[in-house]
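You will see two complexes here that share chain A, one where it goes with chain B and one where it goes with chain C.
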Partner chain A sequence: MNAHILLPEIILSITAALVLIIEFLTPRRLQFTGTVTILGILLALFYDLSMFRNAGVGFFGMVKVGPFDRTFDLVFFIGAILLILLSFDYFVEISGEFYFFILTSLIAMMLLAKSIDLFMIFLSLETLSFSLLGLIGILKQKEFVAEASMKYYLLAAFSSAFFLFGIVLTYVVFQTTNISEISNKLFASGLTGIKPALIVTVVLILVGLAFKVAAIPFHMWTPDVYEGAPAPVVAFISAGPKAAGFAIILKIMLNGYQSHPELWSSIFAYLAVLTMFWGNLAALKTRNLKRMLAYSTIAHAGYVLVAVVSANQQAYAAIVFYMLSYTFMVFGAFSIISMLGDSHSNLEDYAGLSRTSPILAFMMAIFMISLTGIPTTSGFISKFYVFMSAAKTNHIWLVVFGFINGAISAYYYLRVVVFMYMMDTREELAIPYFPFLRSVMWIAVIFIFYLGLFPQKVFEIIISAL
Partner chain B sequence: MKLDLLSLVIFFPVIGAIPIFFMSPKNKKMLFDYTLLITLIEFLFSLFLLKDFKFSLYGFQHEHIYQWIPAIGASYHIGIDGMSLILILLTTFLTALGILSSYNYITHKAKEYVIVMLLMETGMIGVFASLDLLLFYLFWELMLIPMYFLIGIWGHERRVYAAFKFVIYTMAGSALLITGILVLYFYNHQQTGIYTFDLLKLYRLNVPYGLAKKLFLAFAIAFAIKVPIFPFHTWLPDAHVEAPTAGSVLLAGVLLKMGIYGFLRFAFPLFPAAALHYAPFFMALGIIGIIYGAFMSWVQKDLKKLVAYSSVAHLGFIVLGIFTFNMYGTQGAIIQMVNHGLSTGALFFIVGMLYERRHTRLIEEFGGLAKVMPVFSTIFGIVMLSSIGLPGLNGFIGEFLVMLGAFKATKVAAFFAVLGIIFAAVYMLTMFQRVVFLKVKEKNLGLPDISLREFFVLAPILVFIFWIGVYPKPYLKMTEPSAHAVIYQIKSAQNADRLKELIKPNEMVSINRRNAR
Partner chain C sequence: MLGFNDYLLVSVILFFVGALGVLFRRNLIYILMSLELMLNSINLTLIGLAKYSNDTNPQVLILLILVVAAVEVAVGLGLAINLMRVKKTVDVDLFKSLKG
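On to the complex of A and B.
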């Protein structure tokens, strides 16, 4: 069965069980449970890195592990650790299930990136959806939380149904659910042109995955969930699960349907353009920062889809790098949103922040500038790298649209800066000193500039893993 | 890794900005004193660049390459020739004066102000010094943010609108630029098998005519927005008027030059044949800019807006100059870049000084300043004449050379350019008359004459206005190789075109084969 290839996941599962037991013995001890979780994650990370170069197939051909999947793991681990750090300051009191859900979603994401069987993917997707549901609804007594989790749940179930249909149809066509076997059969069939049955399978699977990455038109859950869920959880959702979604899209389309790009590449091209424009244009109107970042995350999904279209080796590397840099940007922004509090996330609440807390305003400005994609920040270099892969395959218009969208997005990102620096406060907002939130903020800033100015090291790691 | 002088010049302002973070925002005087010191040292450093600079040498000097992102072939490749050097000197010069002029002008957020100014200085110098397309783009976009803050925080009433307009215009232009860079990058890889953003390596590339035309347009639109060339100019009056004095000075003095510099350094040498193809079009746009700018200036009631539109006219001259593709035109354009930086910069300083005194910029509010502020009015007069292009002052040299070049290229262009000069005299003299002469308004009676600090802002500019006007030779000599290099590139493309017409296709193949050997 080759169990050792999933050692990190097994460690995480044991930690998850442990967390539940601790919660049972000493309930509601936020920092203690959290620290145990972090230790478990660090242990898993250690094993993950020590086995970085080991490749193998296991669990009856359901799971395939290689260095490339482990680069995605890095994104998931960073997201989980940052979320736990944020939770220490953000939540006053919380049940230990919160950490349990973090761990299960982490496991689900890691398995997603590693599974090569459609059923395994479906199982991981479901685990992920339910864990995230738990995270979104963790503050059940709060306003809008019920709406957010209900919306997420219904749409997740809906999209899963489509995905399952897709799997069933795939099985009808290929008599297998294993991605590499699909690829072999497709290649061996010598099929040319577009077969209706194939198109339907691709589209159905795509619908299921488009929900996860919040691509148009399956983005409807994003704004409401972002507004209702606790800020740290939102940051987590927009980083890791999204990266997992892209990992699986890459895997299915590039490994499974590689020999027939005509089946999916133009679908992704349209999806990418629509998603960028829709996300950015919708964000222009919003006056709530969390909602705005929800639309911005849709736009960013559009940028990443540009790389999916180009479907080359560089696209893999670009997407990992993009998600890594996006994780830091989004956690940075949400660390500051957490400091001001969820109920103070309207643009007006940020007015005059540069005077009341200059450091926070300065950092927020950096996060916004990075999200816009201005050079010296990681936001630029990651976007550049993503579009580079599209330029390589001559998708010039996608590149132009992508950069034009950068200009559009400048309007709403910089509007935050306008409020912070160019408007005056109506009421003084006393922001207490949060050590953990601040540390996340500093980590994010340091990595944004590190990745933005000296990306070479990380590029090397990612490219060597390909 | 040893720090070289050019890198020091690029990054010294940022390094100098670090201690400011730990200074008290209350002590405004100390903040400005310190920043002034930094910018003066920076100016000194940039003068050191002159020390072992060989004026007669072609190619780049102070050239350095360090690895930056080898994974995608981007390197930290810097170097300067005469044209970049003169623009770097202009930058460090105007930034120092800008700081000196801001002591009283900036009333709030002084700490942020000086940091932003220093950050911007690094960006501007970086643009002129980078020889790697990605590095260039990095500095080019980096500039946006400080300028955005400068307009948006310390600007006038409609500052937020102007700041947004500036950023979004430039970013939209940059979208085409970066796409063009990427296409060029992959074309180069296709031809040579190397991934590189290195400008000097890309110079060797012979881009096919069809692709070159597209790429030239992509580059040209980005640069045209920055210049700005006529239909893309609408951001400029807003940005200029709303920006604080030092911001306007740097905007006019340096930022607009980045567009022209982009043409001369990137668009022309990379796609010479395409540049030739589009030259008549851009010359026409330049002429439209000259006439349009002049007329718009004429009707302005706001002093600063008048100067802003006069910039459009001046830049029209420069655009005309670079597209003549001869020595006169190109050299004239380069020297005119410096002149425009000096005289328009000085005009913005002067308008700023008037604004500090009266808190208005409306022309009709002034009048008779010659009696109240004699020294100020004299300096104003000299600067105004230099902007018109009076012989003996710097403006004349540039405009005359451009005109000569235009005359050699097409006589029609020269005719319209002359008209532009006449119009310039009209609007400038009218404005000057209404502000400085006529009867003294009561409100203006008590205005103090120029202060010592203000005098030290304007006096250095005056020195150069006279120096370039009377003895321009060192400046022309400095930029001659750069101008010559650009023209050489264009001319060889022109000759290649002629060869194609003269020689039949099959002969062409044999010639190519011989060359390949």
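On to the complex of A and C.
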């Protein structure tokens, strides 16, 4: 059965059980439970990295582990650790189930990146949705939170039903749910006679995945959930699960339907353009920073979809690099939003921040500049790699649309900077000193510049893992 | 004589009835029921497949989907009860505090 290839996941499961027991014995000791969680995650990370080069198939051919999946794991681990650090300062008193849900969503994301069986993917997807639901709804007495979690639940269940239907129809066509067997059968038989059925299955599966990566037409939940959910959780949702969604898209479309790109390539191209434009145009008129970042995350999903369309080795690496750098950008921005508080996330609350707390304003400016994609920051490099891979495979029109969108997005990102540096405060916001939020902010800034100035080394590691 | 395609046709129809219910019903409980209908229509496809092929896998998958559906409804009802406590209604049109 080869159980050792999932050792990191097993360690995390044990930690999750342990966290529940600790919570039962010593309720509401936030930092203690959190520290246990972090230790478990670090142990799992250690084993993950020590087995980095080991590849293998296990669990009755349902899980396939290789270096490439482990690079995705890195993104998930970083997201989980940063979320726990943010939670120490952000939440005054919550139950330890919060950490349990972090761990289960981490396990689900790692399994998503590794599973090669469609049913395994479906189960991990459901686990991920429900764990995230627990994180979103952790402050369930608040009206906003109750509503946001209900909206997330409805769309998650709706889109996963489509995904499931797609899987079952795939089973009807191929008599198997294993992705590599599907690939072999498709390669052997060709498309004769099954092309319409296959297009239906691809579209149905795509609906389920579009929800996870917040692409059009299943993006409606993003603005509401982002506005209603606690800021640290929002940062987590827009980093890890999105990377997991792209890992699955790569797996199903590029491995499973590899021999026939005409089935999905053009669908993704249109999806990428629509998602980019819709996200950026909708962000122009919002005046709430959390809502604006929700639209911006939709736009960023569009940029990554451009890389999915080009589907070569460099595109694979570009996607991982993009998600890595996006994790740091979004956690940095949300660490500052957490400092000001969820109820002060309107643009007006940020007016004159450069005078009241210059360091925070400067950092926020860096995050916004990086999200825009201006050189020396990681945002530029990651966009550069994505568009490079698209240009190499002659998708020039996608690159052109990408640059137009970059220009549009500059307006609303830099408007935040304008508000912070050129407007006067209406009311003085006293921001207490939060050690953990600040450390996350510094970590994010350091990595944004490291990835922005010396991307070569990280990129080579990712390429060599392919 | 019924064939597999008839099963498939019925389950596709049921699936889209469920989908339309989720989109257009305004009561949360009805929406949850429509979600259940969508999942069970998928089961119907698998039942047809199990009947017309000598394959036991679909039967296993049905059990798996039933478990997932049960979990889904349990979570959904929990959320609905929480919303009832906070807002005193299950009409989705009244959930307007986040302008979606």
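The rule is simple: the second predicted complex is superposed on the first by the 462 of 466 C-alpha atoms of A that agree within 3 Å, B and C clash if a C-alpha of one lies under 4 Å from a C-alpha of the other, contacts with A are read in each partner's own complex, and residues count from 1 in each chain.
Definition applied: a contact is a pair of C-beta atoms (placed from the backbone, for glycine too) under 8 Å apart; a residue touches a chain by one contact, two chains touch by 3 or more.
Predicted model only: the values in this text are computed from it and were never measured.
Visitor: Going by the contact rule set out at the top, does A:Val306 touch chain B (first), chain C (second), both, or neither?
Guide: In the superposed model, A:Val306 contacts neither chain B nor chain C.
Visitor: With the two complexes superposed on chain A, say which partner A:Tyr421 touches: chain B (first), chain C (second), both, or neither.
Guide: First partner only.
Visitor: Once chain A of both complexes is superposed, is A:Val234 in touch with chain B (first), chain C (second), both, or neither?
Guide: The answer is neither, since A:Val234 touches no partner chain.
Visitor: Between chain B (first) and chain C (second), which, if any, makes contact with A:Gln456: first, second, both or neither?
Guide: first
Visitor: Quick check on the superposed pair: does A:Val172 touch chain B, chain C, both, or neither? Answer first, second, both or neither.
Guide: A:Val172 sits against chain C, while chain B stays out of touch.
Visitor: After superposition on the shared chain, which partner residues are touched by A:Ile404: those of chain B (first), chain C (second), both, or neither?
Guide: First partner only, chain B.
Visitor: Quick check on the superposed pair: does A:Ala80 touch chain B, chain C, both, or neither? Answer first, second, both or neither.
Guide: neither
Visitor: Considering only the touch criterion stated at the top, classify A:Leu340 as touching first (chain B), second (chain C), both, or neither.
Guide: So A:Leu340 meets neither chain B nor chain C here.
Visitor: For a test of understanding, state which residues of chain A touch chain B in their complex under the given definition.
Guide: For chain A paired with chain B, touching residues are 354, 369, 374-376, 380, 384-385, 387-388, 391-392, 396, 399-400, 402-404, 406-408, 410-411, 414, 417-418, 421-422, 454-456, 459-460, 463.
Visitor: Taking the complex as given, what residues does chain B use to touch chain A?
Guide: It is residues 67-72, 109, 112, 134, 137-139, 141-142, 144-145, 148-149, 152-153, 159-160, 163-164, 167-168, 171-172, 174-176, 178-179, 182-183, 185-186 of chain B that touch chain A.
Visitor: Tell me, which parts of chain C touch chain A in their complex?
Guide: Going by the criterion above, the answer is residues 8, 15, 18-19, 22, 28, 31, 35, 38-39, 42, 45-46, 49, 53, 55, 57-58, 61, 64-65, 68, 71-72, 75-76, 79-80, 82-83, 86-87, 95, 97-98, 100.
Visitor: Considering only the defined contacts, which chain A positions touch chain C in the complex?
Guide: So the residues of chain A touching chain C come out as 119, 122-123, 126, 130, 133, 137, 140-144, 146-151, 153-154, 157-158, 161-162, 164-165, 168-169, 171-172, 175, 220, 223-224, 227-228.
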